[in-house]
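Shared between the two complexes below is chain A, which has chain B as its partner in the first and chain C in the second.
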Partner chain A sequence: MTVNTAPTVSAARPRQAVAPKRRKGKSAYPYWFYLPAAVVYTALFLIPTFASFFFSFTRWTLTDFTFIGLDNFVQFFQEPALLKGLTNTFIYGAVTSVLKVVLGMLLAVLLTSQIIARGYLRSVIFFPVLLSSIGVGIVFTILMDPSKGMINKALEVIGIEGPAWLVDPAWALVSVALVDVWKGVGLATVIYIAGIVSIPAEYFEAAKMDGASSFKSFFNITLPLARPATATVIILSLIGGLRSFDLIWAMTKGGPGFTSDVIASVIFKQYQAGFYGLSTAGNVVLFLIVTAIILPLSMFLNRKEVEQ
Partner chain B sequence: MTTALKRYGLGALAIAVTIVVFIIPLAFMALTAVKDRREAAKLDFSWPTTFNFLENFQDVLSARKFMLVTAFINSTILTVVSVTILVVLAAMVAWILQRRRSRWNGVANFLILSGLIIPPAVVPTIWVLQSMGLFKTLPGLILIEVAFGLSFCVMLFRAFIASIPKELDEAAVIDGCGPVRLFFRVIFPLLRSVIITVIVVQSVHIFNDFQNPLYFLPGDANATVQLTLFNFQSQFTTSYNLLFMNILLITIPPFIMYLFFNRQIVAGMTAGAVKG
Partner chain C sequence: MTTSNRRRWTSLAVGVTALAVALTGCGGGNASGGGGGEKTITWLVDNTENTVTYAEQIAKDFTAANPTIKVEVETRPQGGEGDNIVKTRLSTGDMADLFSYNSGSLFHQISPEQNLVPVTSEPYMANVSDSFKPVVTAGKEIYGVPVGTGNAGAVLYNKKVYEKLGLSVPKTWSEFLANSRKIKEAGTDPIIQTYQTTWTSQLFVLGDFANVAKADPDFAANYTANKAKYATDPAAVKGFEHLEEAAKAGLFNKDYASATYAQGLEKLANGEGAQYPILSFALPELKVTFPDKLNDIGLFPLPGDDASKNALTVWLPGGVYIPKSTKNLDEAKKLQAFIASKAGCDSQTKAVGANGPYLVKGCDLPEDVPAAVKDMLPYFEDQSKNSPALEYLSPVKGPALEQITVEVGSGIRSAKDAAALYDEDVKKQAKQLNLPGWN
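Let's look at the complex of A and B:
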């Protein structure tokens, strides 16, 4: 949830004029301050990450392994259940990020304009971000019940026959993605609000003076100048969406059948079934997908920003 | 005229939509939690005829040998200890990283970025934990949360430390302050506002964490609150009131955090949106 993106990391900071004076071995900034963090990080993050590349080529029981080459990966791309998880991961990531970008932007524009009850609206939209995914998942599983659920009952009142949501294979994944958006749109909104508020008000005044409609100033001022916010929202929601597990596990467990499985839930299922090598191969696939999408994308989004 | 229409009309529309989309599901949860079992089973949005708050509360707590109580204790320990460790370790790293320019900076930056992007490899992590004898133990899970949270915290700290003048360090050094004292007595207290942000954001995150306890701390005796909820889901299919009471109870800590630290939470989560 709370990961952040390249912009801050690379943000230019005033460069220190001189390096600290080096009296041999007596710097005021000793390297051993890195040590405790480095030990934990290496042992529990770096080593497992490197080990995953090795063990993904094996049949593995935690105590013992046999090298089986690319078999795990072949299985991953051949077995329909696993392949479905792969395509679903892309769909889920795309649907959630697009909706969060669009809705977050619209809500932020609305909440930075002169309307009443902005404080209330902002709080209520943001609050679900802090709720537990499992709790939200369970509540919405019940609300989305095809016959007894409140959502379909409400739709019935206005004369629409609602879909079977989580029980319908065609709808299950989308339903979970919609709940994800419900829970996460508040974060996108506050990020956009921060971005829009930082745009100098003179630009809008000047545009208004020149007779630009609010529509025009949105597309020509707000949208381009809120680009860092857009980059953050896209990257955050993609990182979250591609590895998403909690909500899917709470709502459908990948079902019906395996129609709403994503890679993260496949990894868990294979782990439970004792196929540790295959599960680890899933991890490697997820790693490759996430880096292959996030790295070029963040480079692209940041490059554009520099050109302005 | 049109501005007034926009101000009130759009506002009223937005309020109506948020009530339907956000308030009703939350109210549904709260109302179902205080209904009796038969009424809750109807799953409709109605005012409860009888309020069974205390009864349901007691039933949820005592279910499965007070598992929820154990879980609350576990989650509290997990959250408090791992956030404390995170704050100290991340601040130490961020301070050196920001102050001392060296060839290690590139490596460190790369590792921080990796930590933000790369999904942790599950089974190999279990393998490492097992070889250290920490698998299925609370200390093991605490270290996991620390390892996975470091990148984000270092980033927040570093951006803040950049705004502390370096002259302060130099003055302290001239007065004969060693690095440890310099850091814990001079720098650390100055980080107060960013520390609060880190504490609030990370504790909500770790308290709500489901995936890591599921993998690294299985077993009823060690359950954290998110896991109890998941375990109760199958057990309580006939008593939705208790299930929802459980959800309500675990929603309260983040809610309290939000009431008091609204500003810090938003600041921590939107860091990076605006380019400085």
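Let's look at the complex of A and C:
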């Protein structure tokens, strides 16, 4: 042990010199402390990301690749199902996030009011969030069967002939979007509940003293002061909507034909067919589209927040 | 100071090692070889009940003949998902010792020259029918032996419905339509379509190929060379047009959009629907689900314009291949030899019955084959009355045909438009395979 003392002293000195620097706020940990995380991050995120950019310029069979420049992107943009997929992606993203904002807000107002079994109702509304999308998809595919499904059977009882839901080209995408809303509105509600609960009660009391109706206090207090919650809900559900895939794949596989295809399902089908380079190019495009929408939107929503 | 420093490094080293083990160690523990000279080899097959049943019977009979080798049957999903698993396992070197997979165009997509062990000069290849060899050949080498029977893409029909209405088997498309109208008048669904199981929608196009080949024998070669197109070839576009015509005439079952393959078979067996254009792979499933109705089902080729040229579109059986990654090559070859022998056919017949002719020499069919198989045999025996499906003659096959035919059958897209869209779709496959004439 004594032999080791000398180097220790000399080793300790530079460390002491480094220490104050760290205290200036650089980092609380020595650098090697980051190594495990860095290895994981590099192996699982950085390398695949750059590899995907690279392979999007190749014709790739997983074992072997030829560099073909921008051909994949040209091919991807010529994909007949792409335009339909793009429009559907935007429709799906817009429909689900609007419905989640509106329904989430209304449910949150209901569930922050003084009602019976409030805690129970809150957890009931959150349950669908916990379910697996594939399971939900399969169950709703059965419920939405045009002739034998429970939904249309129930509508029949009250004299309405339900649409063919998932197999009607005009309804397929909307049907999936509605199921997505059912599954996701719980999360929006919880975010809104947190937003509404954090509004100081004094505002409502003051408004009441001034004789404001409950509609007035909703539109002039709850709605504006829950803006951070709205921003979060919009961003989360828009991102979810734009990259939506699992539910659509479980329920319609993009069908009938191509009528409920979204970008992600178009890409997945290309991958399934073994066009690895092409589908990687598609993923790069999807990444750029989502970034191009979410980045400015998030900046816009956050700026508004600061201005208040 | 020192000790703590060292401890930190030690813990780091442990952490990194654990991480490395976690990242790389997931592929370990392959089942190969038990003690006492006994070896276990694995065989990957698709998960249809029919396949699994005969594969397990083959495994059992093989082990009875070779007591030192055990065969473990693994299963994978069918369709696109299954293709994906096969491709991924091949390219990561993680494939079973043998695997069953399609012959023809899908076989070419798994890069046989890179991934598979050639078996051209093996003695057991002498047992394999010459009409099978071309569909498992890449370059100059042969890579597989046939498992299962030859099949057809044709119309399965309910003989009882036909008898009751006094109809005879149609030889031309117009006779087929006339029959269908009569069936509709009698209150039965004339044509069964099941678009919830999308692949079933392709039969009007794929099953019509023998008629195309008889009208234009060079179509497949020209198609591969990017010279013939579905949209512009008058014989080839017929498949799409027939589908459109049948849909417009309202000859499908009402719930065609939401019905599944299994429901389609049920309708056919119960006589709720009369005719179902489908692959004869349906016969073993009918046998399992409706054993007493199996002999009510007959089969005829999809009719074309010319009665004298009406031919059956034939699906050749899949192959059993050995990946280069196998560590039990000798044992795997022994199993291949067993499958390509009379004993191999016999264990398949024992397990699931014969659902069509075998492509192994010396394998005769038993007397009691189902009626639909009997209907199929004359076409198989006469070369001029059949043609392999396009996927066995050309590697060019687009992935989106099933969606396109669903659109035609549902009235979303016109036949002309659909044929043109499919021509667009196959371009991707041709480019991926780097075929001459497509870039």
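Going forward, the second predicted complex is superposed on the first by the 280 of 308 C-alpha atoms of A that agree within 3 Å, B and C clash if a C-alpha of one lies under 4 Å from a C-alpha of the other, contacts with A are read in each partner's own complex, and residues count from 1 in each chain.
The rule we apply is simple: a residue touches a chain if its C-beta (ideal position, glycine included) is under 8 Å from a C-beta of that chain, and two chains touch if they have at least 3 such contacts.
This structure is a prediction, so every number in the text was calculated from the model and none was measured.
Legend: residue contacts after superposition of the two complexes on their common chain; A:T280 is shown touching chain B, with no touch to chain C.
In the superposition on chain A, contact is made by A:Y120 with chain B only, not with chain C. Contacts of A:D145 after superposition on the shared chain: both chain B and chain C are touched.
Shared-chain residue A:V40: touches chain B and chain C both. When the two complexes are overlaid on their common chain A, residue A:R59 makes contact with chain C while staying clear of chain B. Once chain A of one complex is fitted onto chain A of the other, the partner contacts of A:P224 are absent, as it touches neither chain B nor chain C.
When both complexes are overlaid on chain A, the residue A:P200 reaches neither chain B nor chain C.
Contact with neither chain B nor chain C is seen for A:P296 once the two complexes are overlaid on the shared chain.
In the superposition on chain A, contact of A:G255 is made with chain C only, not with chain B.
When both complexes are aligned on chain A by C-alpha atoms, chain A residues 4, 8, 11, 36, 40, 43, 62, 145, 271 touch chain B in the first and chain C in the second. Partner chain C is touched in their complex by these residues of chain A: 4, 8, 11-12, 32, 35-36, 39-40, 43, 59, 61-64, 66, 71, 75, 78, 80-81, 145-147, 164, 166-169, 253-259, 269-275, 278. Across the interface of their complex, chain A is touched by residues 3, 6-8, 10-12, 14-15, 18, 21-26, 28-29, 42-45, 89-90, 92-93, 95-96, 98-101, 104, 108-109, 111-130, 132, 143-144, 146-148, 150-152, 154-156, 159, 162, 166, 169-170, 173, 179, 182-183, 201-202, 204-205, 207-208, 210-211, 214-215, 225-226, 229-230, 233, 240, 243-244, 247, 250-251, 254-255, 257-258, 262, 265-266, 268-276 of chain B. Here chain C touches chain A in the complex through residues 1-2, 5, 12, 15-16, 19, 23, 80-81, 83-84, 87-88, 91, 109, 111, 114-115, 195-196, 198, 254-255, 257-258, 399-400, 403-404, 406-407, 410, 412-413, 421, 424-425, 428-429, 431-432, 434, going by the rule given at the top. Put simply, chain A touches chain B in their complex at residues 1-9, 11, 13-14, 16, 19-20, 27-31, 33-34, 36-37, 40-41, 43-49, 51-52, 55, 60, 62, 110, 113-117, 120-121, 123-135, 138-140, 142-143, 145, 148-150, 153, 182, 187, 190-195, 198, 228-229, 232, 239, 242-243, 245-246, 249-250, 264, 267-268, 271, 276, 279-280, 283-284, 286-287, 290-291, 294-295, 305.
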